[in-house]
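Quick one: this structure, given as structure tokens, is what I'll be asking you about.
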Amino acid sequence: MMIQFQCDYNEGAHPAIMERLVATNMEQTAGYGEDSYCARARRAIIEAIGCPDASVHFLVGGTQANTTVIASLLRPYQGVICAHTGHINVHETGAIEHTGHKVLALPANAGKISALQIEQAVADHLAEDGPEHMVQPGMVYISFPTETGTIYSKQQLSDIYSTCQRLNLPLFIDGARLGYGLASPECDITLADLPHLCDVFYIGGTKVGALFGEAVVFTNRRFDVRDFRYHIKQQGAMLAKGRLLGIQFLTLFSDNLYLSISKHAVKQALRIRDAFSRRDIDFLVDSSTNQQFPILTTEQIEILGKQFVFSPWTRIDQSRTAVRFCTSWATRPEAVDALIAAIEKL
Amino acid sequence: MMIQFQCDYNEGAHPAIMERLVATNMEQTAGYGEDSYCARARRAIIEAIGCPDASVHFLVGGTQANTTVIASLLRPYQGVICAHTGHINVHETGAIEHTGHKVLALPANAGKISALQIEQAVADHLAEDGPEHMVQPGMVYISFPTETGTIYSKQQLSDIYSTCQRLNLPLFIDGARLGYGLASPECDITLADLPHLCDVFYIGGTKVGALFGEAVVFTNRRFDVRDFRYHIKQQGAMLAKGRLLGIQFLTLFSDNLYLSISKHAVKQALRIRDAFSRRDIDFLVDSSTNQQFPILTTEQIEILGKQFVFSPWTRIDQSRTAVRFCTSWATRPEAVDALIAAIEKL
Amino acid sequence: MMIQFQCDYNEGAHPAIMERLVATNMEQTAGYGEDSYCARARRAIIEAIGCPDASVHFLVGGTQANTTVIASLLRPYQGVICAHTGHINVHETGAIEHTGHKVLALPANAGKISALQIEQAVADHLAEDGPEHMVQPGMVYISFPTETGTIYSKQQLSDIYSTCQRLNLPLFIDGARLGYGLASPECDITLADLPHLCDVFYIGGTKVGALFGEAVVFTNRRFDVRDFRYHIKQQGAMLAKGRLLGIQFLTLFSDNLYLSISKHAVKQALRIRDAFSRRDIDFLVDSSTNQQFPILTTEQIEILGKQFVFSPWTRIDQSRTAVRFCTSWATRPEAVDALIAAIEKL
Amino acid sequence: MMIQFQCDYNEGAHPAIMERLVATNMEQTAGYGEDSYCARARRAIIEAIGCPDASVHFLVGGTQANTTVIASLLRPYQGVICAHTGHINVHETGAIEHTGHKVLALPANAGKISALQIEQAVADHLAEDGPEHMVQPGMVYISFPTETGTIYSKQQLSDIYSTCQRLNLPLFIDGARLGYGLASPECDITLADLPHLCDVFYIGGTKVGALFGEAVVFTNRRFDVRDFRYHIKQQGAMLAKGRLLGIQFLTLFSDNLYLSISKHAVKQALRIRDAFSRRDIDFLVDSSTNQQFPILTTEQIEILGKQFVFSPWTRIDQSRTAVRFCTSWATRPEAVDALIAAIEKL
């Protein structure tokens, strides 16, 4: 049996979630997220982020969350600024464009973009002779952590958000792996900082302990997003048995579960990182979260590939490829032990 | 505690499904529906419908299924013919229009449209002087059972499909409540008849025993739908942990579970129908499936409303309203006993 | 040679327009409507309507004008209320739906809808249990004159606009044939009344003397439509040599040309109406504008069809069809003389 | 009075076109391009390109032509490959994305992309693990001449088209300035070669002698584009008085007018090019068509800017900017004389 480090959604849900789902299974509740579990989960999240005016909506998946949020914030002629490597730019089959909006991709540095780049992109647009012939930058999308596991520092986020505020652009943080970012030893922000660093973000459940589910949080500090439930429904993202989302997030936000399982995942990832480092194997980027991108030779890939599943990521040169190893809340330390042993024998 | 007959998604999933989800929870599988559970579920469905060339795709919800199928079949300037009361026309927040297509609504008779109406709609279009100024009818959508619980006879379906074949229009059957249609004592078709009566249909799971999930079946007899997985992903309808859908449908299509739980629901609904009938209470339509639409006086609604939850449907006149009582796989006979007792006291 | 009463765009432009186009042909101007002719035309229109805060934009055609205005005013989950017979509902190949919005069609009475119908449609929406499952009414579209030549009275318009104001809905008047409405002897409004009776309207040029062109006027009294030029460009509706529109509208709004040529058209139409009336021939609707819809027998259609071109409109019964005769600024009185002579011989 | 070299649409139309428009002004014809002038213009173009099976459609402007053609050829999940500098990628306000499609931009070399780049882009897509998570390349768009005035050689076009044929991708050539490309002394293709080098192209009128208008030509050799008129109408691109387009293109394709006026424009552009070259002034790219992009110092720009209008294009460094000088069919040799004199004095 192969051991999988292929992605962070290989397993089902944290056992505590399965228990709650089973325990509540035959209860009768209203549909579409208007049940008491959703209400309680919303309150738990609002308390955890310390933002009483926030509104919280539960969606099933990340592409839905990204598409619904972005389509709700842009005017038809506006586009969304993001890193060239951003998930919405490369791995969502044009779901954003399908809603009519251009993705304005900027060159990424280790998966990140900077306040300066955003400022420049907007300045370039305004400097155009006839700006209406170009897509108007209408909001900014970043991922935390990024698609390659890196994280923005508090200062970087703060700079980006100040720039967005000055330019009147909503800032949206894709938190599909939010827990794994917050759990990083290099992370200098907390969940409660987020509402001060952006206008809307989502707390990823699918990759962090849930069967599925993303909690979209609008801080409502600068922008008043009316009628978001209409957007959700129109995008086909309103789950009939919405309580499944409420129950899951309520569990994740009880007893600090979300962060504690995230820490477990990151701890295992760093063990893997250290094992590769000890063998002087380089990395595509310097990641302190649950995704690690060592650069391996074809031979090393072949050897590790006999026992472990992991993903090819980027061809580096004729003989070397960056690959991805993911851990998650579900990663067994014994599986990592086995991987480390294999790395040491490389 | 109120007893709910409000809809057919008040509870979680059939216990057999919950058991399988728990039992497989920590297994590692590939994502996005490319795991062995999905493969087995696809085979089970293909066997059940007796259509070896069919392709089966699992989506999370009904709006997603409708939108993704319809957007995959229409050219940009085409619209979808449906009943005025069709779900896509009234209860999906314009999700079809959001993909760029007009819903061409025809007057419904007890929720149904006829082969003749379809033929006439297409003839009217072609008779236009300058048909390109109007939306071209590009496919037909019907629901089985309909939104008001009625069902098409085999002859009616056969007529509609012959017409669609002659006019080169794909026919799509929304089976959000398919089980409850097939389980009706008045239904003269079987699951295995469906591939001969349409080009694509879906087998509803959300309302028939699953936590969520709809199995879209393309018969591939007349139309070759390429690249449907791209459509699914673009619509935000590709579940990361796709196996959750595979496990659920595999369970529903083992031991005839899908039909047996459907029969239970219909049996309970007919008990309710008979109770109202015995009181000489009229119905909005003559339904033999899991939804019943008795026409009640304001006073009757008030009395029953003290103990039971049900939905207002259509105002009939100053003093009377058609309301909806739904049963499902989860309806307890004792709950129906209580309702019948209350009806008898009206 | 057949005499054409088929539509109101059979000829080119009013000679005064052709003269100006030729006279200015080799001048060099900026593109995209940023030339001095457009500026002057905008001022002439603003003066004619007496609404100094209005913004005026020139588009090439009616479908463009409708689509661009509507897409600029609606949120993604909103639809536009209109008459079932409205041009956007039937004769624009789903251009509105193509921008993602449902057309919420209400039954029309002689092409018109009422304030009460609008109020009821919105009330019905709000009364829904779960309004977010339905398209939200987001604006109202009416045509003046309507597609069947009828006109709203000042009182009717005023009632509709009051209702829209109370419901916070923008009101948009499609004025493709605006001149022919204002020129009607039954019309009790003037061009200068329009800014007080709606939020946006357009002054049709294509059918009223121009080669092409529609002047969209936002009153900016209630709604601030930002960045409309971006919308125009995105819709492919920004003419490179925008001055062609400016020159045409400047000419139409010099020396009262727009109204005087409209009056000519209506006068000729009423001569046709009276000729049919004298023969006791009924009409589909009672029109006092440039379109007349007599109900003719198959035999009468055949006889008139030998000499004149006109359009079939609506089948009335086995033997009778309503047909359309259009006049325009270009209709020669001699052509109408010939038609009247033929009618008298029927 | 400033002399304008700002763009190639500063003036009206070639006098021969104005004459024909005036001469035919009061004729009565059918609308929407179904008149005899359009029919004759279509035949004239089909004869000029020597492709009897081609279908020809007239649209008003370039953005319309690009959007309508691309939207008619792509499936919803597909994107269009083009140069990063391509008009559809930068100067159409996201009109392509507005129809739901991603623009897949490749790095351009002097405005051009290569067969190899296209091949690689498709190979990269297919090599993806889960290609359905990315937009599928569905067609290729190039401009001839490019946005910076360069032209593909016959060999380059032939290589690109062979690649597209092998990959089953439609190839679309944007010919907004087609005449100015064909008239270049470096051009080694003729109009009659085009149907053998792509699947669809358009012959630009707006910038080459017409008031407005683009003739879209589908060769119908590999792809059968059904129902294109529905697409045109839906995009708001169907001109009511369609004959205006027929008359213009009929004139342009009589007496070799299209090519002869194009040659005039190129001749004047090359005079400008030579004048800058004689002063050892560098160019952004090596253009042999009607657009020239000399790199000027701030001081030189200031001096020339006193007498001439031209456009800033790209900042090169602190002190130098590439600017654009355009000629057209309407450029007076005396205006170029004046410009050359000024250049010589720099």
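Think of it as A, B, C and D in the order they're written, each chain with its own count starting at 1.
Keep in mind that, in the parts below, a contact is a pair of C-beta atoms (placed from the backbone, for glycine too) under 8 Å apart; a residue touches a chain by one contact, two chains touch by 3 or more.
For clarity, every value in this text was computed on a predicted model and none was experimentally measured.
Of all chains, A has its CA centroid at the greatest distance from the CA centroid of chain C. The mean-CA centres of chain B and chain D are about 50 angstrom from one another, to the nearest whole unit. Distance between chain centres (mean CA atoms), chain A to chain D: 42 Å. Counting partner chains per residue, chain C has residues 76-77, 92-94, 98-100, 132-133, 136, 230, 233-234, 238 touching two or more of them.
In terms of inter-chain touching, the protein chains here all touch one another pairwise. Chain A contributes residues 32, 71-72, 75-77, 99-100, 130, 132-133, 136, 226-227, 229-234, 238 to its touches with chain C in the complex. Chain D contributes residues 76-77, 79, 90-94, 97-103, 129, 132-136, 311-312 to its touches with chain A in the complex. The touching residues of chain D, counted against chain C in their complex, run 3-4, 6-7, 9-13, 15, 18, 21-22, 24-31, 60-64, 67-68, 92-95, 98-99, 206-207, 211-212, 230, 233-241, 244, 330.
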